[in-house]
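Heads up, the next two complexes both have chain A, just with different partners, chain B and then chain C.
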Partner chain A sequence: MSDDGWPEPAVDYVQAIADTKILLGQRYGEWMLKGPNLEDDISGASNAQDEIGQVRQLFRVLTRQGVDDEWLESERAPDEYANAATLDTEADAWPTFIVQVALTDRAAWLLLDAIDHDDFTGMVQKMGEDEYFHLEHHDGRLETLAEDQPEAVEAALEDYFPDILAFVGPATHDAESDPLVDAGFTDRPAAEIRRALAEHYADLFAGTEVSVPPLDDGVPDPDAWDETRRRVGDGHVDADVVDQLQGVSNREYVIA
Partner chain B sequence: MSVNTAGSIAAGAHAGPSEDADEFERELWATLDTVPDPHIPVSLVEMAMVYDIDAGGGDVTVTMTFPCMGCPAYDMIKDDVRAALRTVRGVTDVNIEITWDPVWSKDMLTNNAREELRDAGISL
Partner chain C sequence: MKYHVFTRVSAGDDLMHVGTVQADSDRLARIYAHRTYDEEDWDFIGVVHEENLIEVEGQPIAGGRTA
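Presenting the complex of A and B:
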């Protein structure tokens, strides 16, 4: 374990991944009894457990960088969560949900996998063991849905793509200008991750009726992009969801 | 003094006291070998979840991992480790360090643990 302090933007970067994963856990949990098949429900429950386990470890390394654990766990306002904007609201239909979590879980994994720091040695590999199954399941369901409900999948892609690109980062963050690469914390700039994400879905939907939105270098607008919350604008998850994340109604049962 | 290192764990072997470990260190390992994995009928040591015990005086630091990052018994197991070691004479404090390096693998299980798991109907 490294005792070195991380470069300044790294705490925000890991915070955004952690907050995205805690919301992924929430969204998987909301859908774990509403999937079309028992396998989808089991997958939702399992994925939720995986994400919460990963959040526990990301919070642990964040506290070692001076982030207050009480703030992380239970004292934050909704607009202090730096989750991907794709997860701000619960999806209202199954194809929408699958696109929502598929894009977001893959983007979060790509951001994690880009970390090149001793504090994450082994940890990211372990998370990758979980993510392999999440992403395989998503892609399998997306291929099926692309045949059965192509319009719904395409509409969800158009809806979520700008927000997932904002989560990854602006196109201007390339190998020469990405501050995390420059600081040596990551080894893959946002611009490259954006391309990898877009190419993955272009390949996945090739030969189907689903068109993937083009990779627009103007999205997000780098001047409007919030580097801390990795989004554009001041949107946030609803307060009642934050109450659930923080276990407000079950607080009396917490063992100190 | 560190009585083992995570990096020394090889396939088919699990961490335990080094050959030159003193009686105190051996007692710490033996004590943890009585703490069961809550999911399956083997100890945390047999599960190769304990990578190292650093017994600097009475302050004991256990470096351990988990087969599953989302283990629902994560806090319970850590509580069990603390509770067990605090019963050992000479232990004044117990700290637990979680590591993922090396990543746990079922290849780390001992042959004895494998047999116990098979006897319990758990395939490997």
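Presenting the complex of A and C:
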């Protein structure tokens, strides 16, 4: 347990949520000037701003747990970011982008909402007010894309589903075995969040030509799963993305 | 599809037309309106599909005059 009550796996858990949100902010930002219409651009810009604001709050609680703030903000290598692997690369088309951020933003919200700890009371409720608009935007867009471009949506779902399941956690982390539930830090095991995520998209795409990938209990392989970075394998974002996140090219203008 | 956005600052105020959004569904229109016109702490914000606006126009009456 850490000094004020967080169990050890909780720091990694919150770090992964925070890093996923900083990359969500990056991906929203990349698309906010090239969406199909102005309304999507404005929504994307608002989502980016929300995510960066949430990251600041999550970094604040992480530093209270002893995580170095310089490391968090400006001294990390690409493979030290624990973002969901869904965000490692920029999407190459609008339907792909919407599936990418929809799955990832919803999964991050479900992980955050599962936290049952006093340090997050109030903070998570406020973040949920932001997330309502993100997730409604995604689902509204997915509904229309499922009608207009079902093949593109289905292909993106197949690409991203294994990585988003890895981010949520292995199926073996159920009510009896999820270490964060066991420690009392969360009140919803990964296995239940996986089912909630899959059921949400099955309901959303019911009656359309889009099939949601089956919930494979073997994905991710629990033996290959990296608990710290919540993924399988050693993939990571590109170094130039990390340079942008850390403001490397503008470091001389940092206000001391 | 075009949606008109109406708001009011305080309960009891008349609704004000603040602009429009283009959206493919009512669900998206709600989100776009909130995101685009979020400059105030509105008491109410709502959208109306342009097709649902009832046009008020003069009609010919007997004798060829208009109302």
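Note that the second predicted complex is superposed on the first by the 252 of 256 C-alpha atoms of A that agree within 3 Å, B and C clash if a C-alpha of one lies under 4 Å from a C-alpha of the other, contacts with A are read in each partner's own complex, and residues count from 1 in each chain.
Rule of thumb we're sticking to: a contact is a pair of C-beta atoms (placed from the backbone, for glycine too) under 8 Å apart; a residue touches a chain by one contact, two chains touch by 3 or more.
All values derive from a computational prediction rather than experimental measurement.
Once chain A of one complex is fitted onto chain A of the other, the partner contacts of A:207 are absent, as it touches neither chain B nor chain C. With both structures placed on the common chain, the touch criterion links A:130 to chain B but leaves chain C unconnected. When the two complexes are overlaid on their common chain A, residue A:57 makes contact with chain B while staying clear of chain C.
By the document's definition of touching, of the two partners only chain C reaches A:43; chain B does not. By the touch criterion defined above, A:66 reaches neither chain B nor chain C. Across the superposed pair, chain B and chain C touch chain A at no common residue. Against chain A, in their complex, chain C makes its touches with residues 21-25, 27-28, 30-32, 34-36, 38. Residues of chain A touching chain C in their complex: 37-40, 42-43, 46, 133, 136-137, 139-141, 143-144.
Taken together, the chain B residues at the contact with chain A in this complex read 68-72, 74, 97-104. Put simply, chain A touches chain B in their complex at residues 1, 49-54, 56-57, 60, 121-123, 125-127, 129-130.
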